[in-house]
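Scrolling down, you'll hit the structures one after another.
Next come two complexes, and both contain chain A; in the first it sits with chain B, in the second with chain C.
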Partner chain A sequence: MARMLTFNIFRFNPQDEGSKPKMQTFKIEETDSMTLFIALHKIREEQDPSLMFDFCCRAGICGACGMIINGRPELACHTKTKDLPKVTTLMPLPVFKLVGDLSVDTGTWFRQMYQNSESWIHTNKEFDPNAPEERMSNETANAIYDLDRCIECGCCVASCGTARMRPEFMAPAGLMRVARFMVDPRDQRDSEDFYEIIGSDEGVFGCMGLLACEDTCPKDLPLQDQLGYLRKKMGITAIKHLIPGRKG
Partner chain B sequence: MKTIYTDLLCVGAGLAGERVAVEAAQAGHSVICLSIVPARRSHSSAAQGGMQAALGNSIMGEGDNPDIHFEDTVKGSDWGADQEVARMFTEAAPIEMRRLAHWGVPWNRIVPGEQTYYKGGKPFTAVEKEENEGLIHSRAFGGTAKWRTCYAADGTGHSVLYTLDNKIAELGVEVHDKVEAISLIHDGKHCYGAIVRCLKTGELSKYIAKATLIATGGFGRIYRNSTNAVINDGGGTIIALDTGVVPLANMEAIQFHPTGIVPTDILVTEGCRGDGGTLLDKDKHRFMPDYEPDKAELASRDVVSRRMTEHMAKGKGVESPYGTHLWLDIRHLGEKHIKTKLREVEEICNYFLGVDPITELIPVRPTQHYCMGGIRTNKDGATYGLKGLFSAGEAACWDMHGFNRLGGNSLSETVVAGGIVGDKIVEFLDKFTGEVSTKAADKAYKKATEKVEKLLAEAGQSGGESVYAIREEMFDILEQAAFIYRNGKDLEQAVEKLQALLKKSEGIKLLSNGKGASPEMALAIKMQGMIKLAQCVCYGALKRTESRGSHTREDFPERNDQVWLNRTLATWKEGEYLPTLSYEEASPYYEMPPGERGYGDGKIIQADLDKLPKKPTKSKKSKAGE
Partner chain C sequence: MSSKHLRTGHVRSFSRMDGYLDFFQMLSGIGLILFMWSHMFFVATVLLSPRLFNFVAWLFEATYMANVAGVIIAMILISHFILAARKMPFKRNEFGEITKHALLINHKDTWKWLIQVVSGMIILVMGLAHVWVVLSAEPMNIGGKELIISATSSASRVANGWLLYYMVLLLVVEVHIGIGFYRLGVKWGYISRETRPFWKRIELAVTASFIVLGVAVLYTLLKYSEVSGI
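And now, the complex of A and B:
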């Protein structure tokens, strides 16, 4: 006998003057290999076409479907109903501005983050179309890729104590972005330059070390290690500032 | 109501859209990119494989060059490609890969010395040269003579998209996300931007531009089962068709993939079958050897897809709440092999199906994968019919893929075409002296507003058609007639049914109130457009009485170069229920005359080679100084 699943879903349409925030209950029958992607579309197409949520690749690659599933930030597309209890509560991610129901605006937050972290290669070298590519060790390429795997789903931001309290905090995703460029030899910024960006309470010194980000990252990024590394590196840079006679 | 002005409006912010945007921004033009989702979630990010470019750095790619890449591409296209474009592409691809490296893509690099690689599931060793240490590496992909596919681990699309979006941030290009262009602003001769609906508030705005680019990707989501992201429903293609003057090309050329998982149609790699995986039916019988005694599961993508469909049609498929499927069995490969060589497959099965492929069967079915057709452009990326309207990437039919594209060529096309088309758009903008037509903008805005207001006014009224029910009917029709196997009888019926469905869709009424970001409203706005795209596919497929590349007619199994060495063009006049079709020569000249592909066993009705246009010979002047 298939289970009858109950979903308590947060509902609010800020664009509809008649809408008030509330929880609404939906019931659907579970089928084999059902994920929240399947379940939520079924609810929208068969029970309530106004239900708002975000999916895109539905394969765990794009990061669109972050939401709070029974209290934890997760990607809905790879959440299987067979791993859920009979009653599931779905809430939108906090920190990000609500679009409606389970849909939030991560785009605006992350685009601001690119500017704050200067999320691009800083170099004064010009590209020469006639020259072969600059060489790089495969090890370095893999190290960059490993930190470049963030899919900007917002789960780490939603689970970050500091980000919840202080909107100006760069949050784990922002700090990871800086770490990605620190390991990239093509980026000519030095420790001092990175200190300008993250050497403050809005940056790496604002992290309280609760490390929920490490627990909730759906891509298993090495957040704990990187935050530790950044703090150490920026700590050293900060101490250098105290040494008399040193410029900077 | 907002009115926003810009030099270039990029509709779509995946790889093609952003690559064009970079080119224009670097030349000093103002650019705005529109995206349905935050730009980095664009479907480009899901392409895991890689980008083909003839760098020839790796030992398995040694001796590679753009000529060989060109030949592979034209063969792959079953001679449907525009050879001038395929040439431009293969020449520019290596430089583009290096440019992306300069901008920050962490391409995998050559490690010198003895390396273990896999071919057909079997390991072998090869020695990478010392002098190539640290240059961009490449891997194997189907249909290529050399290992040519540049890659960044298992996330090439992701890495390149993140790099380009970083570049966009550096250059200060504005990206407006969660917005959707719902119609183009034009006066029948020029295009001046788009009317855009905000997917946060439902509000409509005018984006007025000197040049407009459509780079919204494919339209795979007109099919029920597709590997595409859910956003790939043809929005950009629809607004081009809706102008009545911009032709779409080769809409019947759709690529299918044999092994999408059921229910979500996420791809599992061909490596499963390459390494010895088998396909089973509902009786757990391995059926492929019955059809293809020699190659069995290792026959080409097209062939395996066709045989699977054929076998399911015989009632041998497994019934499920998500439709009929077959089984992929890799259990016999063993835990060690699956956990190392097929790790990605193991993850997909566990994460998205809750199936452990080490002990359980994987439910699979053939599924829509790629659209070779799209908005027809010339080699500069300019559309036919409207000045100032350009297109690039999967949305466009540029047309280097013809009737079948090679793996790794489409991802590469996004950035290579993006660079070339971006450069041409800069030229266009530099020369632009005219006035943008605010009258055309007002007209387009009025029309779009009326459409939305009608849907809002009638929302919740009884007696309307449900947009989701209409979409299901469209899915059924396409699945029946325009899937892998096609024939005249089914297609004729499909064309009739789609005409009736288009008529019926005029009665769509929303069940919800449609306010704000309403997903039902978003679908209702484009539903008729989606039916029109479906009709372009079916009508084009009906008329094309041959089999070429992915277009397979049971009643016309030969590739007919005498009659069909051409490209279908479809325009849609307002108020009509069928597109108007015309045809153009497949290629301005045939540097590589039509011949055998060397794989697949299709028969060919040969063209009179002497009568085909030849490549213009280079004048002696251009050779001087070499």
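And now, the complex of A and C:
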């Protein structure tokens, strides 16, 4: 017999002056291979058309359906209801601006992050559209790809205690973005250049090692290892200057 | 600051200070962890015999190590607190946000950080008071030697109202150290994704072992006070 699932969902529309934040309960019957994404659609179609949540690809690629599912930032489309208990609590991701109910604006945050992390290839080489593309080793290409898999769902940002307390913190997604350009041989920046971007308490030294990002990333990006690597690299870049007799 | 134009704050100036501060936070943390582990082994000599404890105390006092190290450790403790305070949620809204966050996401390592913050504040006050009380005590004549630190003076303190104080201090110090060394490894990339479960077990084992050792020391001192009629 199919389970009756209960969803306690955060409801609030900041656009509507009369809207008061509250938790609302919905009940639906579980079906085969149901995901949370399907369940939310069913609730919206059958019970409350005003329920707001984001979705797009349904396949864990677009990163739009990030939300707090029973205290864990996750993608709704990735979450199978058979893995959920009978009662599930859904909250919008913190840190980001609330659009309404479970929908948040991650776009504005990520756009600002691109600018702060200067996430583009910095090179003085003149671009020649007729020249063949420079080759890179398969190993390097894979290393870049591994860090480039971020779908910008915002789960790591929403799970980060530092990002929650201090809006100026670059957060795991921002630091990972810098790590991606560090391994790219086309980028001519050196450690000293990267230090100017992330060598501060707003950057990698602000990370307190809580590892909620590592534990929640739906794409399983190597956040812990990369954050540790960045701190070590930037720490060495700084303390090199404390060695007597060293210029610069 | 020599450049007057920087004083307005409109010109972004580059500084490596945050890197230095973070590095010294780590260094002072490692120093304090090593000190606390050695401290525990030294006081644990009382488990073998109070005379051995007194001999170790005499060794440190005769070489002036106890007084010099006491002052240095107190200074490192204060410095470590100031360096770590850069991250602490002192503002009302910061504390509110991190507490709400910990309650929302239900994540163990996030709670551990809050425990570290609270235990750090307790250690600052109780640890410094402990250093002061121990090093400013009147010397006692133990076996013909004038000793500030001795099994007799320690047992006397434990038996006369300080037991609860030391139980609390032991607990907060060991919990803070356990979480601290795990977090140091994580933050500086020495504990990887692969080795994290192993180090978590080590953290738990080390914390529990030192608490058990500390309780055994306090119990022995309490018994010693009864036997020697302090």
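FYI, the second predicted complex is superposed on the first by the 242 of 248 C-alpha atoms of A that agree within 3 Å, B and C clash if a C-alpha of one lies under 4 Å from a C-alpha of the other, contacts with A are read in each partner's own complex, and residues count from 1 in each chain.
By definition in this document, a residue touches a chain if its C-beta (ideal position, glycine included) is under 8 Å from a C-beta of that chain, and two chains touch if they have at least 3 such contacts.
Owing to the predicted nature of the structure, the values given are computational and were not obtained by experimental measurement.
Engineer: Superposed on chain A, are chain B and chain C clashing or fitting side by side?
Structural biologist: fit
Engineer: Who does A:Arg72 touch here: chain B (first), chain C (second), both, or neither?
Structural biologist: second
Engineer: Touching A:Phe37, do we find chain B (first), chain C (second), both, or neither?
Structural biologist: First partner only.
Engineer: Is A:Cys57 in contact with chain B, with chain C, with both, or with neither (first, second, both, neither)?
Structural biologist: First partner only.
Engineer: Based on the superposed arrangement, let me know which partner A:Thr237 touches: chain B (first), chain C (second), both, or neither?
Structural biologist: The answer is second: A:Thr237 touches chain C but not chain B.
Engineer: I want to verify the contact counts: of chain B and chain C, which reaches more residues of chain A?
Structural biologist: Greater contact footprint in residues on chain A: B.
Engineer: Using the superposition on chain A described above, determine whether A:Pro94 touches chain B (first), chain C (second), both, or neither.
Structural biologist: Only chain C is touched by A:Pro94; chain B is not.
Engineer: Calculate the angle at chain A, using C-alpha centres, between the directions toward chain B and chain C; round to the nearest 10 degrees.
Structural biologist: Given the fit on chain A C-alpha atoms, the answer is 170 degrees.
Engineer: Looking at chain B versus chain C in the superposed three-chain picture, what is their shortest Cα distance in Å?
Structural biologist: Distance of closest C-alpha approach: 20 Å.
Engineer: Looking at chain A, which of its residues have contacts with both chain B and chain C?
Structural biologist: Correct list for chain A: none, the interfaces share no residue.
Engineer: Per the contact definition, I'd like the list of chain A residues that touch chain C in the complex.
Structural biologist: Against chain C, chain A makes touches at 68, 70-73, 91, 94, 159, 161-162, 164-166, 195-196, 199-201, 203, 205-212, 214-216, 222, 224-225, 227-229, 231-232, 234-235, 237-239, 241-242.
Engineer: State the interface residues of chain A toward chain B in the complex, per the touch definition above.
Structural biologist: Those in contact with chain B are residues 13-16, 31-35, 37-38, 44-45, 48-52, 54-64, 77-78, 80, 82-83, 99-100, 103, 105-108, 110-111, 114-115, 118-121, 125, 127, 129, 131-138, 140-142, 144-145, 148-149, 151-152, 184, 186-187.
Engineer: For the complex, give me every residue of chain B touching chain A.
Structural biologist: So the residues of chain B in touch with chain A come to 37-43, 45-46, 48, 95, 97-99, 101-104, 106-111, 133-137, 152-153, 155, 158-159, 162, 165-167, 169-170, 175, 177-178, 199-202, 229-231, 262-264, 266, 320-322, 348, 351-355, 363, 467-468, 510-513, 515-520.
Engineer: State the interface residues of chain C toward chain A in the complex, per the touch definition above.
Structural biologist: Residues 14-16, 18-23, 26, 86-87, 89, 94, 97-98, 101-102, 104-107, 109-110, 112-113, 183, 186-193, 196 of chain C touch chain A in their complex.
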